[in-house]
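Per-chain numbering from 1; labels A, B and C assigned in written order.
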Amino acid sequence: MSLVSRAAPVQRSYAPRRHRKLGRVVLRYVILIAVLIFAVFPFLWTLAIALTDKHGGGSIYDFPASLFPRAVTLRNFVEVYTTFSLGKYVWNSISITGMTILGTLVVSALAAYPLARFRFPGRDLIFGVIVATLVLPSETTFIVNTLTLKELGLLGTHVGVVLPTIAGAFGIFLMRQAFLGIPQALIEAARIDGASEFTILTRIMLPLTKPSLAALGIFTLVASWNAYFWPMLALSGAPDSVPLSVAVLKLKGQFNYDPFNIAAGALIMMIPVLLVFLSAQKLFMRGMEGAVK
Amino acid sequence: MIRSQRPTPGKPPLSGKPKYSLRDTLLSYGFLAPALILLAVFTFYPLAYGSYLGFTEYGGARFGQGLPPKWTGLDNFRTLMADPLFLKSLLNSVKYLIIVPILQLASLAVAVLVNKNLPGMAFFRAAYYVPVVTSISLAAVMWDWVYNKDGTLNWALGAVHLVSKNQMFGWLNNEYTAFWAVMLVTFWRGFGYYMVLYLAGLQGIPAELEEAAVLDGASSWKRFWSITVPMMKPTILLCSLLSTIAALRVLEEVLVLTNGGPLNSTYTALMYVYSKAFQGFDFNYGLASAAGLVVAAVALLLSAVNFRLFRDSSGDGA
Amino acid sequence: MSKKIAARLLTLGLSLALGTAAAQSPVEVQFWTWYLSPKFDNYIKSTISDFEKANPGISVKWFDKQDSMVQDFISSVNLGSAPDVVNLNIDETAKAAQNGFLRNVDSLTPMASLKSTFYAQPLANFTLGGKVYAYPWYGWLNEGVLLYNPDLMKKAGLTRAPRSMTELLGMAKTIKDKTGAYAWVPALKDPNTASFLGYFYSDGLPIYDAGGKAAFNTAAHAALLQQYVTLFKGGYIPEDAVRKEAFQVATELYPQNKVAMIVGGPQALTRIKDSNPTLYAKTVVTEAPLGKARVQTGGSMGLVVPTASKHPVEAAKLAAFFTSNASQIAFAKVVPVVPTTSAAQRDPLFKRASGGDPIANATSLVGASGRYINPGFKAPGNSDDLYKNLNDNIEAALLGKKTAQAALDDTVTYWNANMKK
């Protein structure tokens, strides 16, 4: 196992501890597996009904029998995909989510850098106001924003959906906290070398905060991919431009008729996000190479 | 250019009033410009408008007839204070804060557990993130089954003879247990989310620190409290703040699991706000915004407490 | 702007007066339905194209709204792009009309014509202050039909289905004690409705007094509620009925043989057919048990014309077309709905089918009963708050926090203090 070889020097110098060490690894896996069951059982059930052949009989509420479908099929997925012609909505989702992630990362990083690393008048006030937006009553925001977008001629477009969402307290806050953690000495050294602030941001700060950027990217992906209320309102006049989340919502109206298709629809929504998460892990797990415990 | 005299950001300069450099100020506002413009147009302005509505009478009737909001001063707040349902909902939301320390400690612990080069860790990390992306309406069906009178939780408790068949009840149908049952679902949805933030934060701890502590023979328990927690302060502040606000504004899981019942024991402040803002054509933006402002005041107060607890260590990094 | 509108009105007036085709540029009307796509795309699209053929000057742009229907409606009024014909239910129509969002349709279609097209009660459901605010569209009955699991009934020693609510309440104990299954799932407090008031209406107990004040707290009302409280406390009604919609609980439990009967619309059958085809085949459909007043309750959709619509005349034409007898009968052929047009009672579609498929039986049982579509009480102003208060009090009674009488007294006090006219 990779850990054993990496941790070898430590273990050699504390040979009597070997047994306790093994015990700890076992314990760690026991806990991890317990948490795993807690985390994924609803997903497994969703997967089970999505794969169930609905003409095979049996109630989906008949637990635990419904966890083990009698007949398995992919037909539910095909049915959902074709009935709702999801193809074009997938593309809309990719367009909206892609723009949102890019915009959020750029805007948040730019704004967070001076908030974390500069002294200028109004800094604490600006930061305070941005944090305050997390808690202020936002129920009427969308009504005002649809009017603004209409004035700007952007209502009903993807850009119109994206613009109001990319500058947010969460992203700015997250990146500020990440920048705070970078040793001042590194920045001073770069300044002494005559690097411009923009260079410091792109060459030092961003590479060092890749884990946070990746985390922000993932969160933005999930939020934007699953958001339905705002896109639904902003695109209510352009039903062909709505993202998958809004299109799939039509399934909900049918829950009484067809939970199998709902489950399939939910998985079609979830699986891309999980795949991106799996591959993006490398980004926020950088630096593992040196971590010996 | 030598800049060693430059004061460290965040730390007050050694003597006298703070001195700002014009260059830094201009640069700062340049970097902030895109965010500030977008925030001004799409966040500050609508939020200011929403806050203003809290002091007006504005709802379906005026809207439907094309009338503007009517200033009513503190009337909405008086209505709220006289509404037992609002007071109860606010109390429930504050009570919901109990989840914050539990959720944060658990998420940090899980992050530490999966922050290792052991086989399968990438899988565990992804699996723990699954609840974050699971559709809440589907998850609700599953949790319903767990909490049902004939559900898995009672089955398990019965199997170890903790309760007998005639003592069993549905956990979501009981006024004393529903609140905690819903909270567990919030926990379920949240720990993967904060785990990712903590993992990102953990990557910033220099490996040398850990190695030195290991060589010193420090136990993993001691390492956690003396190295991990102090080094993670900025992340812990961020997460506990987000978690505090999220707890005060909890809504979705309540809606799908109990709809506020039984006997309003799970009726939260945001449910009140939403029921006023979105009750169809009878919507009452005035009252909803006022209720939102009360929640915001509580949240701001608690945020200040959070900043105090995890004293913002801006500029201390080095 | 106003000149343009004036000109358009003038052209319209002229063309109507001269009986010629409408103005050269076709008028586009926006039509919003509620939760009908994609299941009924074919029906809606073909009806629209029939309408466009019959009205060459009008083109229809159709959207199906789901969860966000009311929100979108409000938002579109705000943006100045309101739809022209909108599908709402009785409660939402009342709320929209009370707040000034709707045009009264009797100003667009003569009252006499409305009265000759629709049954009286469905039309009255959409009438507020003497004005009609919607063209009644497809409907349903709450009691509708009774379906039961014959095996469970036999096991309980029962030879026939209950014919009245009194009988049904009486069977609850027997069935549960002998089979372990619940008799049925009553709609005690369905979210966002005042479902319990329906039981009062069914038993002929008044909801309001002559002056329009809430009056459902007499001893007779309390005694009826007490019957349900007793059953609930004895474990003869599923616990979940206080938390979830009765229809949902019933359609979950029935396929698992955990409930013997379902009182409701034929749509329950669709779900049972999916989840337990064997039981579906055995299921017996019969007439629903009624309360002492021997009346049905039910509801319907309506098509409304917003005040903000820019083409009310064309909108009225479209709404009238969709709610016409021919269009509603065509819809009933696609899905078991109850037409609200009086001519439907003579349609061969609803001649009693003998034997055969449960859904077909149910359709024929309820299809021609549009005249009975009546929620049983008028939605009060400020209905969300009032309904919540009623449901909270019913729950308090069921969970033993209040006596039935106290719960109803508290509700009536609250209603009379908070009811908007």
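We take it that a residue touches a chain if its C-beta (ideal position, glycine included) is under 8 Å from a C-beta of that chain, and two chains touch if they have at least 3 such contacts.
Keep in mind that this is a model prediction, so the values were computed, not measured.
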{"item": "Any chain in contact with chain B as well as chain C", "value": "A"}
{"item": "Pair with more cross-chain C-beta pairs in contact, given A-B and A-C", "value": "A-B"}
{"item": "From chain A, the most remote chain by mean C-alpha position", "value": "C"}
{"item": "Centroid spacing, where centroids are CA-atom means, of chain A and chain C in whole angstrom", "value": "40"}
{"item": "Between chain A and chain B, centroid-to-centroid distance (C-alpha), Å", "value": "16"}
{"item": "Per-residue multi-chain contacts in chain A, two or more chains", "value": "61, 142-143, 252"}
{"item": "Contacts with 2+ other chains: residues of chain B", "value": "278"}
{"item": "Shared interface positions of chain C, touching two or more other chains", "value": "71, 74, 78"}
{"item": "List of chain A residues in touch with chain C within their complex", "value": "54-55, 57-62, 83-84, 142-143, 146-147, 150, 155, 229, 232-233, 236-237, 239, 249-250, 252-254, 256-258, 260"}
{"item": "Residues of chain C touching chain A in the complex", "value": "35, 37-39, 63-64, 66-68, 71-72, 74-76, 78-79, 81, 247-248, 251-253, 255-256, 267, 270-271, 274-278"}
{"item": "In the complex with chain A, residue positions of chain B that touch it", "value": "1-4, 7-10, 18, 20-21, 24-25, 27-29, 31-32, 34-36, 38-39, 41-47, 49-51, 53-54, 110, 113-120, 122, 124-135, 137-139, 141-143, 145, 151-152, 188, 192-193, 196-197, 199-201, 203-204, 207, 210-211, 214-215, 220, 234-235, 237-238, 241-242, 245, 248-249, 273-274, 277-278, 285, 288-289, 291-293, 295-296, 299-300, 303, 313-315, 317-318"}
{"item": "Of all residues in chain B, those that touch chain C in their complex", "value": "60-61, 63-65, 148-149, 169-170, 172-173, 175, 258-259, 261-264, 275, 278-283"}
{"item": "Chain A - residues contacting chain B, complex", "value": "1-3, 6, 10, 24-25, 28, 31-32, 35-36, 38-43, 45-46, 61, 63-64, 106-108, 110-111, 113-121, 123, 126, 129-145, 148, 163-168, 170, 172-174, 177-178, 180-185, 188, 191-192, 194, 197, 201, 208, 211-212, 214-215, 218-219, 222, 226, 252, 262-263, 266, 269-270, 273-274, 277-278, 281, 284-288, 290-293"}
